[in-house]
Amino acid sequence: MNEVRVGIVGLGRLGRTHAINLAQNVPGAKLVAACSFVEDELEYAKRELGVTETYKSFEEMAASPNLDAVCIVSPSGYHPEQIRLAMEKGLHVFSEKPIGLDIEDIEKTMEVIKAHPDQVFQLGFMRRYDESYQYAKKMVDEGQLGELTVVRCYGIDPSSGLESFVNFARNSNSGGLFSDMSIHDIDLVRWFTKKEVSRVWAMGKNAAYPELDELNELETGAAMMQLEDKTMAILVAGRNAAHGYHVETELIGTKGMLRVAAAPEKNLVTVFDENGAVRPTSQNFPERFSDAFVHEMKEFISCIKEKRQPEVGAIDGLQSTKVAIACQQSVEANQIVEVK
Amino acid sequence: MNEVRVGIVGLGRLGRTHAINLAQNVPGAKLVAACSFVEDELEYAKRELGVTETYKSFEEMAASPNLDAVCIVSPSGYHPEQIRLAMEKGLHVFSEKPIGLDIEDIEKTMEVIKAHPDQVFQLGFMRRYDESYQYAKKMVDEGQLGELTVVRCYGIDPSSGLESFVNFARNSNSGGLFSDMSIHDIDLVRWFTKKEVSRVWAMGKNAAYPELDELNELETGAAMMQLEDKTMAILVAGRNAAHGYHVETELIGTKGMLRVAAAPEKNLVTVFDENGAVRPTSQNFPERFSDAFVHEMKEFISCIKEKRQPEVGAIDGLQSTKVAIACQQSVEANQIVEVK
Amino acid sequence: MNEVRVGIVGLGRLGRTHAINLAQNVPGAKLVAACSFVEDELEYAKRELGVTETYKSFEEMAASPNLDAVCIVSPSGYHPEQIRLAMEKGLHVFSEKPIGLDIEDIEKTMEVIKAHPDQVFQLGFMRRYDESYQYAKKMVDEGQLGELTVVRCYGIDPSSGLESFVNFARNSNSGGLFSDMSIHDIDLVRWFTKKEVSRVWAMGKNAAYPELDELNELETGAAMMQLEDKTMAILVAGRNAAHGYHVETELIGTKGMLRVAAAPEKNLVTVFDENGAVRPTSQNFPERFSDAFVHEMKEFISCIKEKRQPEVGAIDGLQSTKVAIACQQSVEANQIVEVK
Amino acid sequence: MNEVRVGIVGLGRLGRTHAINLAQNVPGAKLVAACSFVEDELEYAKRELGVTETYKSFEEMAASPNLDAVCIVSPSGYHPEQIRLAMEKGLHVFSEKPIGLDIEDIEKTMEVIKAHPDQVFQLGFMRRYDESYQYAKKMVDEGQLGELTVVRCYGIDPSSGLESFVNFARNSNSGGLFSDMSIHDIDLVRWFTKKEVSRVWAMGKNAAYPELDELNELETGAAMMQLEDKTMAILVAGRNAAHGYHVETELIGTKGMLRVAAAPEKNLVTVFDENGAVRPTSQNFPERFSDAFVHEMKEFISCIKEKRQPEVGAIDGLQSTKVAIACQQSVEANQIVEVK
């Protein structure tokens, strides 16, 4: 089979990561088109990544006869419509998370995806393709930890971005801490346990920037979840980790425990200086999940070539969004919320 | 001042630890009396620890003219009555946690303690006297972590004791996982934050021994708590840690995070063998808190000599028991419970 | 500029790694030719990597009009001659270490390289392109560790390969432990300190397989080195690490210390099981240096496109081999050996 | 048996540690006498430690009829004579290391010790009584690491003391880096391997304070040693660890490796702040070996009561001093030195 020709929509920080990977790091893929409102981004794609077609309209890009697939990295609100549009044009679709912000809209999108079973649909839960998470998943699936009883997930953004978030929140709605930050963690809970979440209680506290209270945003939050088989899940989400980007996952089972990134080590270096014995830490998601982004895109291309569906699909998007919304409702009600 | 003459009640595993410390490791203390139903234990105290008076009745021991203080390590149900009795006899009292099992009984005991302000009363929350916890507390109090937003506490007993617990639970009531295991963690939450717990949701899962369901006991549990100032606390308690005795505490603040015993390392050794790079882990509480038990008893004796009260008193016992009871109620109701 | 067309010689374990990288992971490179004595390897290269020309003779491959560069991964003894031959054909050359086994032969090769200054020559000291080593190098060059006083390098192969090495050694000459295993470490010492080694004392001990004594081989060895400015270097080399592939480097400076891979962690996972708190460890060099192999090849291709020479060149090969030979002589004499 | 009555000579930093332990932390011991040139120290001993006899002359203290044993913590040069004097007075002797500075003097002292086999003699190699070292020793003796091939020992003092050392060295002779700092490490090499050192090569470098060159002192040094059975030992000694007091020991065996204090962790705390994931580190020997000092003194008292000799005796002092002197000679000659 020839190279898979891909068009990308969205060339922000994450979009650029995917674009570079498609152009340079994923054998069998060819980045041929890019879509953005920002002229500079399109120039960049042409000049640096060899893209030959540029668009301001996703609809026009999706109509190009030169595409086999699209990679959707636009703002979250556009995802469902763009997924449907691309699917209906006969294209394979890789979409960043979340699959959508509104449950009805997501369900409508899932109908369209189901109606095109020969087209690949993959959602961007890249952590599943990270080497350490794969190692953990294999141990769990082989039963080395026994039966899981508790899953704990931390997703905390670096303090360095907090002030700009506060400014952003003055004018925009992030969707709330749990939708914005914990959606990957919710997916991990479901992935590792193979169970759905039944009930959640979520809460938060604004301490460095109490003005976030008025903006209905959270600096740091926590959620406890009961899964359908009584497995417990604990989430901590935040925007204020002094040491960088803290994504950590713990699995407690009847035969052992396991942590992915107990300390979010940046590399294999230990420095001994006046602070003590120091492990430098990851600073942001493109650094931490650099390889995972490549691996997930290789999987997308392989699925297309091998005419199969990836492990992570639309249902994972629907379920994780449901739970994230329940967390947000729970914060507002300060009560337990059932996940339907 | 002369040596402080102490009588001990209870010579089980923990009682023996305190007895040895009073007899050998705490300058200024002299263990003169021991009380137990078990003749062998009294023989041991005479032979090995140089105790000169032995008793089967706590009341009789408390009446001895040769005592300045008592150390209460009897079963939890006896604590309140023995505390009151000793207080009324004019003795200084060190009592193991919990201060009691029933709120009314505890409140009555507190009245008696308050009525004897010149006698020292100390509760056995030894973790506060552990070197690592003291280091953490100092950092928090100096503001090095900023304002605390999340406290996470794990207290998990080793798997090696689980089967015998199951047998025990067939005939006895442990008080429930949270009263039995989390009371120290609840005290840590209060100690670090200086705030009280307002609301809790607790739950559990029995996986290795599903028969615990019928016995109304839990193998592993989790609780989320909201404090009066919205600080969040997360507890995990359990009886099934394959690697040993896992007591870990995390403090998340606006300026940094801190973990005490992120891995419960037994010592400073790292072994590199076919398993990988291995840190041996603590196996039980006498090992982990060996020094803390000495330090808390030294503090008790110092308080007596210096005519002052220790940091950890009856109110800490009352409040931690209230929260533990709320957790247990929450498990049973599977609902959020308010702590009065 | 068009793609750089590369031919590879040698398709063993490391050769295959380079071949895959050139074919799939290095943008701007195109693997067009492969040379091997082994027919299956050539078939593999055609079938899996899209190679269009295959050869049994390096001389013939070097004469192909379709090549811009060669990648030499043949047995060490062939390196010098193949480097010279390719250079004289006008090709850019990437050669695996060592640059050669004999000093005169290497010096002759260096003359040829110098005579073709417009062709890129790069030697395969991939550790310099590892992310952790680059992080360490930057710290050193920025003076964050102050002036270096001690460099310690461990290079120990996994026990799993020791028995087969013993069998190999019965019939073949490995070149000796220090030439075989420590050449990368010697390069690191020179790279970090920017100084040359003056004197060495090396020794070894055979314990698991004492029969290696008769074969004049070492299971485990150590060397101490004095550099021209009195900086000290310590090497440990071996073939018997129970936990896997232990490559570790330490830098001690006047302002701080630093270790790369203090524990050779495989990933970010920590497992807590009956062994304790376990970090899984790297098992072999393709795993440990997977990314470094890609980065060094990207650098090779960039050098060609940008008409510049890489940081690591022929002189690094010459000097590291001199030191390795001195170590071997020191073992045999059990005396200090001067490095000329 | 009654309490063992001990007199101590020397009340400097380490002397005070031993004095406090004898007075308060070692059951069965009673500190009755102290000897010092410094009046304030004697006052301290009387006031704080309950000492009833004070002396300016060791000879007079040794003549007291109220002593069973002496603890010698005087300057190293006095050790041999004081040991002999006390032995001849019929006293049990605990002496700090080194047993002496001069081989002949040590041998003469050993003769006296041998002539009094019913009196306990113990040398202050306290690391052998550290919990982590004991754990390591047990693993080695049980064969869990297989046969040892390499022992690596680091003993590096904190940078905070370097400037005052430079001032000290202007007027005094420390005995040289290896005698001053490595004597404990040399003892560990012998203890773990049960073998003697045959040959050493030692060297050093002064970088932060090049003026140490003229004072014939070393800031940082390294030594490689060949043991009688070809086991290799590597020492690094220094006075300039930015992170504190770095005592680390590594054992490489045919079945596994082991490190004591791979990072010299101060406690069980990990701090996550803008520096990364930080383990605070030990700052000095009284902190690091606090428990070991108690344990060794408990062993001394037990030996007296149980009429047996401790594991660490005069021969260990002689052999370690021989090796330290050989290291110093090797530095001066910059050649390998045989240990007789």
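When the chains are written out, they are named A, B, C and D in that same order, and each has its own residue count from 1.
The definition used in the following text is that a residue touches a chain if its C-beta (ideal position, glycine included) is under 8 Å from a C-beta of that chain, and two chains touch if they have at least 3 such contacts.
This is a predicted model, so every value here is computed, not measured.
Across the two interfaces under comparison, A-C and B-C, the one joined by more C-beta contacts turns out to be A-C. With every chain reduced to the mean of its CA atoms, the largest distance from subunit C is reached by B. Between subunit B and subunit C the centroid-to-centroid distance comes to 56 Å (mean Cα coordinates, whole Å).
In whole angstrom, the spacing between the mean C-alpha positions of subunit A and subunit C is 38. Each of the following residues of subunit A touches two or more other chains: 241-243, 246, 255-257, 262-266, 270-274, 280. Residues 23-25, 27, 131-132, 135-136, 139, 144, 255-262, 264-274, 280, 291 of subunit D are the ones that touch subunit B when the two sit in their complex.
Of all residues in subunit D, only 241-244, 246, 263-266, 270-281 touch subunit A in the complex they form.
Put simply, subunit B touches subunit A in their complex at residues 146-150, 152, 201, 203-205, 207-208, 219-224, 226, 229-232, 234, 236, 238, 240-243, 246, 252-257, 262-263, 334-336.
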